[in-house]
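Before I ask anything, let me first share the structure, which is written out below as structure tokens.
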Amino acid sequence: MRPVTAGAFRLLVRGTASLVLLAAGAVPAVAKEVEDPGFFHLERLNILFHLVLFAFLFFLCIRLAAGGRKFFIRKIAGLEAVEEAVGRSTEMGKAVLYVPGIDDVNNIQTIYSMIILNHVAKMVARYETPLIVPICRPFVVPLAEETVKQAYLDVGSPDAFNANNIRYLSEEQFAFTAGVDGIMLREKPAANLYLGSFFAESLILAETGFQTGAIQIAGTANVHQLPFFVVACDYTLMGEEFFAASAYLSEEPKLIGTLKGTDLMKIYLLVLLIVGVLLETFGVTGLSTWMEPR
Amino acid sequence: MRREVPLLITMIVGWFMVLEFFFPQAEKWSSELQNWAIIMTALASVLGVANVARINMLKVSRRDRDWRYSIVLLAGMAFMVLLGTVFPMVRSLFHIDSSWAIGGGEFMGVTYGPYRLSGVAAGTVFNQFYDFMFVPMQATMFALLAFFIASAAYRSFRIRSVEAGLLAIAAVVIMIGRVPLGREIWHGLPEISDWIMSVPNLAAKRAILIGAALGAIATGLKVIMGIERNFLGGD
Amino acid sequence: MSHDLWIWMAAILTLAIMSYLYKDNPVYKTAEYLFVGVASGYFLSIYYNNVMVPNLFEPVGAGVGGLFTGKFTWDLWRVGALILGMMLFTRLIPRFSWTSRWPMGLLVGAYSGLAIIGFAQGDFMSQIQDSLIPLVEPGTAGAFAAAHGFTARLIAALDLLANGVLLLGLLSTLYYFFFSQEHIGFSGRVAKVGIWFLMISFGASYGFTVMARVSLALDRLRFLLSDWIGLRII
Amino acid sequence: MAGSEPILERLEHADRRWIFLIMLVAITVPLFLRVDLPIRVSPEVKGFYAALEALEPGDIVYFAADYDPGSKPELDPMIKAALDHLCRKDVRIIAATLWPAGPPLLEAALDSIAMGRYHKTYGTDFVNLGFKEGKENVMVQLGKSFRAVYPNDYYGTPVGELPLLAAKNAAGGWAVDTFRDVKLLVNISAGYPGTKEWVQQVRTRYDIPIVSGCTAVSAPEDYAYIRSNQLSGLLGGLSGAAEYEKMIGVPGWGTVGMSAQSLGHVTIVVLILIGNVLYFLNRRRRKEAA
């Protein structure tokens, strides 16, 4: 890992240097030359600049995080809601249902969901509350099993782990949905957590869970499904929040650093937007002309 | 060999894709890489189909739960592959030019065919099965969602907070304002729904787009710099 | 009733899938498995005819054929793609499955690289650049002053406010997804405004999704009522 | 036990099959009663129309129909209307799809409109390149060479044998081979890959205007691209199709479906309202009882 990163950084430095050189002799907006594109698309310098800036920011943060720097990340209300829901469930002595989405392991959301699953498993392990994890993809089964088992081991109650509660239902979307609905109706879990990549089944799951009176918390980066979760769940982790929650829990430098780097970029954006809007309002259009991708 | 080579391939290919955007000279190389990626993506999809076949054959041989359904699945698959892949393959390998066809008769007042047996274009048996099996089934699966959305609207769309209230109001204005009926109710409604779409909706969607773009760029950069290796799996 | 056997087949399958609405049952399951089978077979055939043959087999054939006639062509490169592609299938053989990582590496690299550029220019730069707008769109103030009647004035007012509202929504929503500051006091209020904008946009998505689903159901009903049963509908 | 629950409580938790039945009736009935309500055209549909209207006879359009049967009811009316408009303008069409389940649908639409209604010649006036896997890779590569991605058309004919694509320019190169030779990209999109990816990969990179007709599900997000002029026009869902049909004066399924569509929407709104009224009544009753 180290040499690669170092190499990347050297490349970055060199990239930045050539950028400065190019900028020094930059001409504004060359006309689109089709026949001879030349050596470098000067008109795309604005894009390159932002790419390099962003890459610099978040690699720096990853470095710092790996070096042991503690970054501040605000409390994420959705995570507190998860803890509350699991707490209520254990008090009532009822099961917790955790659906890690219906996508395969190659979807990053499934991986992030495992981080939260680990957290939830640790909470329930202490109280010996059953944790039911229905799964839609065969490849996710070993991953979920490992995650839950490890969590039980970490809190010192490996015997409480029950492999039968990691349930592979079906790879077909609606067959899986019917299966989860069945679990909700039969076993009446007191907390339903839907965290991962969901599609059209989101509203069916949330509806059944609502009818059984469970506390429901959802989280997904599939923006098109958020409306259906928002209206039927008690709390919803929306888009980036879902990733941030996982990064927060994982304490992994790679994830924390990326989150922090993105935040720094957002500060830059907020400033850029405010300055840009003021300029535009007073009729200065230079910045927006330069920003235009070509 | 097991991790280093694939990582190196990923990085080289990834960098070419990025650099060609800025440096026109890189296009020649990235072009051939894209052609390879096209083939690789198709083969990966073929692999997915092969996997479905494998899993279901296993299910049948082990007499797993629902194995009888798997036979239906395999039969449907074999039939389509025979018409769409095996026949064309045989014809091109042995240079058979005659067009094999069936049908061409009348039954119950409807003329059927003749349908060509090999190939996928209109007028083949393959295409008929696509039109009258694949199309209705897939379309119906999506049509079911209209009913689920109705039931969810009634049984779980609860306006329990200001936020849910805003969502509900926007949804209602859009649902009514977008269809001709909206204008009959109040002629300002379509304009209001247009405004919601292109101002507040756009503001939030734009913020989400920008956030998602930053996330995607970060992930991409981590991959092509070799920091992100999850895709290589364990071992 | 239709006399066409094809229509009958489609209608029966449509009803079989619809039976899921009553409950999950064997008829639905049979249709579902049949669908997956037919779809898989269909996909394989389309990949073969539309991609494998023209983009792989024919160039490889031409390239290798050229060897025998002493002509080296660019097509010969595709042999590499063929070999790399075959390595993908070692996935099915556990002992050699690691070799499938080579082609996977190529795929991941290609899509990651393209995604970086796509998101940087298509979403990030364009959306930021388009948000650098004056607080009040020139001309809207005049239009507002000239508008008569309640509805016209209301709409002119909305147009007048459009840029301001857009910017307020954009900044507050961006801020909602900012994780380096606690959402309390003023910053909490800004984040709250962001949530409101998010909720309005989810409302818009909800409305549009309803539209999509209803259209799909309508089309199936039209098929059953008109094409199959033969009723006169619109 | 269930019998002892008050009626309002039972209504709130009604079996969802009753709701399914209500929905079924609500969208079936208007199919028999045709009520033609005047259709109002929204600005983004006007943009779509204007972009196609601005084309000159002989111009070439790349028609990317990225969809499958799952969204056929929404998108087929758009495809047919757009093809009608293009054929009427005597524009030459290069059609293709990036969705594996798309080519037969595209073929049927071309057959019925370009060949059936306008008697255009295959190969000269329009071609169907069929399906290609590769998503964004295909998009970017098409900007460099059509024939590198599509050596053959959907029927297996080498593209060099199709007059539309075989033409040479003055310099001896291919006259029609990249997005440079194309005036407009018309995209009909049902998801990924689709409008978002065309905008990301092709719009700026090759400087080609794009108009899109997409499913209602993805339309709200695409509004961001309209404002930033990355899309010149947008048809969103069946109502977008109906509005466009009105603009070109060829009413199709989009138009006739609108009354049933309206009632479907009203039904959902009413269901949301009733559900909430019951919920709050029951909640108050439970609180009073406690």
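Quick notes on this one:
As written, the chains take the letters A, B, C and D, and residue 1 is the first residue of each chain.
Note that contacts are C-beta pairs under 8 Å (C-beta built on N, C-alpha and C of every residue); 3 or more make two chains touch, one makes a residue touch a chain.
Because the structure is a prediction, the values reported are computed rather than measured.
A comparison of the B-C and B-D interfaces places the larger number of contacting C-beta pairs at B-C.
Closest chain to the protein centre (all Cα atoms averaged), using per-chain Cα means: C. Spacing of subunit B relative to subunit C, judged by their CA centroids, is 8 angstrom. Subunit B and subunit D have centres, each the mean of its CA atoms, that are 15 Å apart. Measuring from the averaged C-alpha position of subunit A to that of subunit C gives a distance of 19 Å.
Centroids built from CA atoms put subunit D at 30 Å from subunit A. Multi-chain contact residues, meaning those touching two or more other chains, occur in subunit A at positions 44, 47, 51, 174, 207, 211, 223-224, 227-228, 230-231, 239-240, 266, 269, 293.
Shared interface positions of subunit B, i.e. residues touching 2 or more other chains, are given as 21, 34-35, 37-38, 41-42, 45, 120, 130-131, 134-136, 138-139, 141-142, 144-147, 149, 151, 153, 155-158, 163-164, 167-168, 171-172, 175, 178-179, 197-198, 201-202, 205-206, 208-212, 214, 217, 219, 221, 231. Counting partner chains per residue, subunit D shows two or more touched chains at residues 13, 16, 20, 23-24, 27, 70-73, 100-101, 103, 132-133, 135, 137, 140, 149, 154, 204-205, 217, 220-221, 224, 227, 239, 259, 261, 264-265, 268. With chains as nodes and touching pairs as edges, the resulting graph is complete, every pair of chains being joined. Listed in rising order, the residues of subunit B touching subunit A in the complex are 21-25, 55, 141-142, 144-145, 148-149, 151-152, 155-158, 163-164, 167-168, 171, 208, 210-212, 214-215, 217-219, 221-222, 225-228, 230-231. Taken together, the subunit A residues at the contact with subunit B in this complex read 1, 4-5, 8, 37-41, 44, 47-48, 51, 54-55, 58-59, 62, 106, 108, 111, 138, 174, 200, 203-204, 206-207, 210-211, 221, 223, 227-228, 230-232, 239-240, 243, 254, 258, 261-262, 265-266, 269.
Interface residues of subunit D, counted against subunit A in their complex, comprise 13, 16, 180, 204, 207, 217-218, 221.
Residues 17, 20, 23-24, 27-28, 31-32, 34, 70-74, 100-101, 103, 130-133, 135-137, 140, 149-152, 154, 156, 196-197, 199-201, 203-205, 215-217, 219-220, 224-225, 227-230, 236-239, 253, 256-257, 259-261, 264-265, 268 of subunit D touch subunit C in their complex. Across the interface of their complex, subunit B is touched by residues 12-14, 16, 19-20, 22-24, 27, 37-40, 42-43, 68-73, 100-101, 103-105, 107-108, 111, 132-135, 137-138, 140-141, 144-145, 148-149, 154-155, 205, 220-221, 223-224, 226-227, 239, 242, 258-259, 261-269, 271-272, 274-276, 279 of subunit D.
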